[in-house]
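Shared chain: chain A. Partners: chain B in the first complex, chain C in the second.
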Partner chain A sequence: MTALTEPIDSPEAADEVAVARPVASPLRRALTAVRSPTLVIAWLIVLTVIAWAVAPQLFTHSNPLVGNPEQAFEAPSWHHLFGTDQLGRDMFSRVVYGSRNTLTATLYAVLVGFVAGGTIGLLSGYADGTTDAVVMRFIDVLLSVPTLLLAMTVVAALGYGVLNVALAVGIVSIASFARVMRSQVLKVVQSEYVEAARGLGSRWPRVLVLHVLPNSVRSVLSLAALEFGTAVLAVATLGFLGYGAPPPQPEWGLAVSEGRAFLDTYPWLALIPGAVIAVVVLASNRISTASRGRRR
Partner chain B sequence: MLRYLAGKVARAAFVVWAAYTLSFVLLYLLPVNAVDLLFNPNEQQVITPAVKAKIADYYGFNKPAVVQYFDRLWAALHGDMGASVQSGQPVWAEIGSVIWPTIALALCALLLAVLIAFTIAFTASYTRQRWLANLLQSLPPATVSVPVFLIGLILIQVFAFRLGWFPPMGTTGAAALVLPLITLAIPVSGPIAQLLTDSFLTERNSPYVVTAIAKGGTRRWVLVREVFRNASLPALTIAGIILGNLLAGAVVVETIYSRAGLGRLTETAVGTKDIPIIQGVVVVTATVFAVANLAVDLIYPLLDPRLKARIVTS
Partner chain C sequence: MSVATARTALPGGIRRDGTLLQISGLQVRYEIEPVAAVQEVSLTVRPGELVGVVGESGSGKTTVVRAALGVLPFNATVVSGQIAYGGADVTHWRDRQLARVRGPFVGYVPQDPATSLNPVKKIGRQVAEGILLHDRRLKAPEVRELALGKLVTAGLTEAERVYDQYPHELSGGMKQRALIAIALASDPALLIADEPTSALDVTVQKAILDHLDQLRARFNLGVLLVTHDLGIATERASRLVVMQRGRVVEELLVGKEAPAPQHPYTRRLIAAAPSVRSARLQPAGPTGPTGPAEARAARDPEAADILVVDQVSKHYRIGHGRGAANFAAVASASFAVARGTTHAIVGESGAGKTTIARLAVGLQTPDSGTIRFEGADTTSLSAAARREFRRRVQFVYQNPFSSLDPSFSVGRLLAEPLQVHQVLSGDGLRQRVRELVTAVRLDHSYLSRRPAELSGGQAQRVAIARALALNPQLVVLDEPVSSLDVSVQGQVLQLLVDLQARHGLTYLFISHDLGVVRLIADTVSVMRRGQVVEDGPVSRIFADPRDPYTRTLIGAIPGPSGGSQWHASYT
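And now, the complex of A and B:
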């Protein structure tokens, strides 16, 4: 706690330390956050794009699918913040509406990895040594194929589309979720309350759900925060390669790939959506490192 | 010692087998109609049911899944991974014809990435300027946050279109290699730089460094002679991650720069649903991964005497 080493020069500050000592209050958390301006900016960015995805119509009046051909290839201006593309569609509204496709896929991907990986890790960590060893060997194999290649393989098997891309990215992340969950379960299983619950005669599913799961899920949640950035990147990359949403639809990765043809003459068409992806990933990684730092 | 070796080799073989099995389940069992996937989607209409039945018979799709699996595995062990749906060429010939440009690109990019990573780690721990150290330490996480395709497009825009120093695409000539090389090296250097920076910082506070300084070693001498060796060893342990980044990067880089190679082959294979090729690429990468990890496992004890002693006595 840094507050204890700082001189306390006002009664309010003393109160605040006294209140904040046992549990980190929301107020205190907010105060620590303000001390790091980059973290505040990161939160603002992530919340903004989530708001874009939830209610895009609040942020732009232009239609993302229908453009005005007379206004094709306009450079970024006040009227068209990100410029317009070859069909005269407003790029800002395409990016805003595109966040829905990209972020939905990301959310599903993280959910798939979290639920499937978490379950595998939970059961494997609680099971006997041989089962655990066998399951973990197979999880290791998932890690021996590069993530992008594995995701592409899943897409090849399932077909194109936003949901299949989400599923592919989710399957790829199962391995890391399973490993983190398992290592946490192995620690929790050793604890006295689990032994006590067993001693009281609880059956194993009850012990697993009531005692082991709640006490080991936290570290997996913080991994989910980290995976969010990775998943945005993976979804955008698969979208860029053309495996995600079909063309008239707005999607971040696809937008970069569509703008690529005009890179020489109208560079903003590809570079602005690309920069949006980079900024969102940077912001969410900043948040996840901050949350890891606080837990320590 | 021999047991250690045998265990590691068995592990590598297991990884390759499991990758084959995994890709078989994903690509041949999961799709509803695997026969349709084996044809070029554009020619789907002209193919008669008789031909499809013949192909289904050749690949054994009408047999039970387990029999199919062992048939394919047996063929694979004899070097037959099937043939490309698009070109009709055997999978190995197809992969063999494009793998060398990718290996050359990946090796050069790896060299450059290691160079970048060492420069970042060394400068971050050598400098007395707090802001410079902070800036350098924030670089590695940033490089993995920026999409590879964005790095590539920015480099093309600036160095090919604006300045005209390098060609924007193509495979021929050394100049065409420069931009892909840098694009690939940046994301690959991230994890290496991260690990090296952390490890430089921990090693710097260890007792032997204090001893070396007490004996009168200068800052640079201690860093180069003492810290450097001990801090760089752990980088070998993330060889797998590095390889993965190289291959994933190659898919995007070769697509952006229109270069022939394994990455571009994979990209088109997924685009045209060329199942045998995809499986071939999965098996090849898993093999490279397994061999690289095996090599690290075997080399590491030679470099780290503590580990060697443990293996010999066990």
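And now, the complex of A and C:
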């Protein structure tokens, strides 16, 4: 009788290996990334700003808090890259040190939104119809309140300070994280591999953590990159309004606010920190679109 | 073809008589691929001739079709060679020039009728568009008249109704006919069809192919038919071009007698084609300690049936509110599966096969009737008994890429069932995973791969290995080979047969393909519209089909009737 199967090293088996799907190597992926110069620039900007926050002393020798009153209101020059303010403090140094306050708040804000929103979305998407409906109507209410108003209310309730600003901005972003996570979870839960896992006899917490979460978290990660930009803006806004770090601490939003008084005489005091905020937000948006594009 | 006389001359001196399509020495390369996708391919199509291009996925047949139509993707280039339409070299024609002969000279029938029609335009408008593109002087009533004629030509008898319908209102077969009508819209001399029936049921497939054949004879059309199914190709084509890895390995004339392939690849393809084989596959290698099913059944006739499905029905609600209707996916179906054997359920789409499979493994519960596994009613199991049931009954899905978690490696996928049921851990677990991957004839290097890095056949083997991890008694397979190439299909089927012999497994095998069923099953139930119309041993069903529907199904299996003799001469 004929046997269709040959041992493992048969030509047929070899054929099959040959048509196995190609795998994109990390190197190849890196090369594709280089093809987009704007993406590279965006990464450079974000990494620089993060480096500022981690080790500001490496980038500037001036003290951000103590100035030389004799050098007040100097225009940007090689010596003072961003000029000096009314107390003669080096603005570049204040921006570099200020990134720590702003970025820490931003990071906490995104973390709060990602973890809390992601968890709500995950459970809501996996739960039965009634629980899902109740949770999602609550999220809708959260979404319907203007974000800045909500953030200001939360800060007013919690008290001023960088961490409270972070918490407020984070709470505001919970709604969008929860929505995106839920929509992904709804899709993944319908998939055959989740059904297969259930059919195997797995209990639901196991399925949720091992199968649903890893397969739905990706798009939420790209939302986190997008939220990063939004959160920088929100933190700076609250700082500008005076809810964040108290003076004389350096903070980007606060710097814009302090420079506002001299806008017509020494415009760089407000414009340069403003430009830094804008550039960082644009860069993180660029990264976020790229990470979304890579998903299938 | 009344308008044929009024036809304007084709540009570039293309002639409708003589050789219609001549591809010579064609080489096509994709931007990033190191090897050309198509190398040194030559073929010709003459009027009234059906030329089949056969090959497995990755053989370059679709690239040839795209090159022939001048619609290669932007990252592909024709490196060398020539494509000629009706004697005129069109290799370097620009798109605007080619557009003038697409329709009047060459018509194209795409693969997937479900996605190839514009969903927001009525069928009639889509046919009319093809007519108007090449003759703008026509008045609206004339166009309508012509379009209706094309629909009738394509075999849509209720053309008036179809003309005003949207694609979603038509069945798959009707959509494919509508696509043929569009391809015929401006009376082409040459028709290029890329897998025109692979998304359709077998009986519909037969009807469509019969119709294409009639059109060829009636209008003296040249047809280039691309297919992965050797059965279809040998049955329909007058000449056969066999492709492997971008090259033509053999060109065969098909006549009344069996062709005599010289190339080993062609021989292998023919040997693997399920429609050409007729006997059940025999296990190769060691047989398990349990012995043949008949012997065990004789010892204990009571326990012969492992799974008994009795008068089972399952309804689905369609729509909402007042317009809601009950649709019976399965209506009072009964069958039994004997221990150690393979029972197949065969039928076309909508027959309720998949619902039966899902009911059998407990993924759904029946509305009425009982399902007994090892004598116990599966619908009323305690939690502990249900867990035990899930260990002993395993399910293999049709598409491994959607049923294997894409974020898991093969090793983790195979370990998961053992971890869930806490059967093994540590070294024992690793050992068992290696055993499993060897059992499905993959080597250990695959353990670290993800499903996306496997071919279809490899992924389906992983799915089978996963189903075997817990040493189940019953494995329910839902169309496990229908997404695979024929030669891979043969390997997977043989693997299933071997595993069955070694481990004394019982299979419930769901398939739309009677050809495949004949290779693997002992008994079969033929289903139609939720009901079992006929059941019995496979040999009896093939030798003496009693229900007319069974006869239609058997008649629709592609391939010449003398297939079994063919096969005998190749092995």
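Throughout what follows, the second predicted complex is superposed on the first by the 272 of 296 C-alpha atoms of A that agree within 3 Å, B and C clash if a C-alpha of one lies under 4 Å from a C-alpha of the other, contacts with A are read in each partner's own complex, and residues count from 1 in each chain.
The working rule: contacts are C-beta pairs under 8 Å (C-beta built on N, C-alpha and C of every residue); 3 or more make two chains touch, one makes a residue touch a chain.
Computed from a prediction, not measured in an experiment: that's the story for all the values here.
Engineer: Quick check on the superposed pair: does A:206 touch chain B, chain C, both, or neither? Answer first, second, both or neither.
Structural biologist: So A:206 only meets chain C here.
Engineer: Just checking: does A:149 make contact with chain B only, chain C only, both, or neither of them? Give me first, second, both or neither.
Structural biologist: First partner only, chain B.
Engineer: If you stack the two complexes on chain A, which partner ends up touching A:215: first (chain B), second (chain C), both, or neither?
Structural biologist: second
Engineer: Looking at chain A, which partner touches more of its residues: chain C or chain B?
Structural biologist: Looking at chain A, the partner in contact with more of its residues is B.
Engineer: Is A:195 touching the first partner chain B, the second partner chain C, both, or neither of them?
Structural biologist: second
Engineer: In the superposed arrangement, which partner chain does A:140 touch: chain B (first), chain C (second), both, or neither?
Structural biologist: After superposing on A, A:140 lies in contact with chain B but is clear of chain C.
Engineer: Determine, under the contact definition given at the top, whether A:92 touches first (chain B), second (chain C), both, or neither.
Structural biologist: Neither partner.
Engineer: With touch defined as at the start, can you tell me which chain C residues reach chain A in the complex?
Structural biologist: 57-58, 245, 268, 271-272, 279, 281-282, 284, 361-363, 386-387, 390-391, 395, 397, 399, 402-407, 416-417, 420-421, 441-443, 452-455, 457-458, 487-488, 490-491, 493-495, 498, 571
Engineer: Which stretch or stretches of chain A touch chain C in the complex?
Structural biologist: 1-5, 7-8, 12-13, 15-21, 23, 191-193, 195-197, 199-202, 206, 210-211, 214-215
Engineer: Where on chain B does chain A make contact in their complex?
Structural biologist: Listed in rising order, the residues are 14-15, 18-19, 22-23, 26-27, 30-31, 141-142, 145-150, 153-154, 156-157, 161, 168, 240, 243-245, 247-248, 251-252, 255-256, 266-267, 269-271, 273, 275, 278, 281-282, 285-286, 289-290.
Engineer: Within the complex, which stretch of chain A touches chain B?
Structural biologist: 137-138, 140-150, 152-158, 229, 233, 236-237, 240-243, 253, 256-257, 260, 263-264, 267, 270-271, 274-275, 277-278, 281-282, 285, 289
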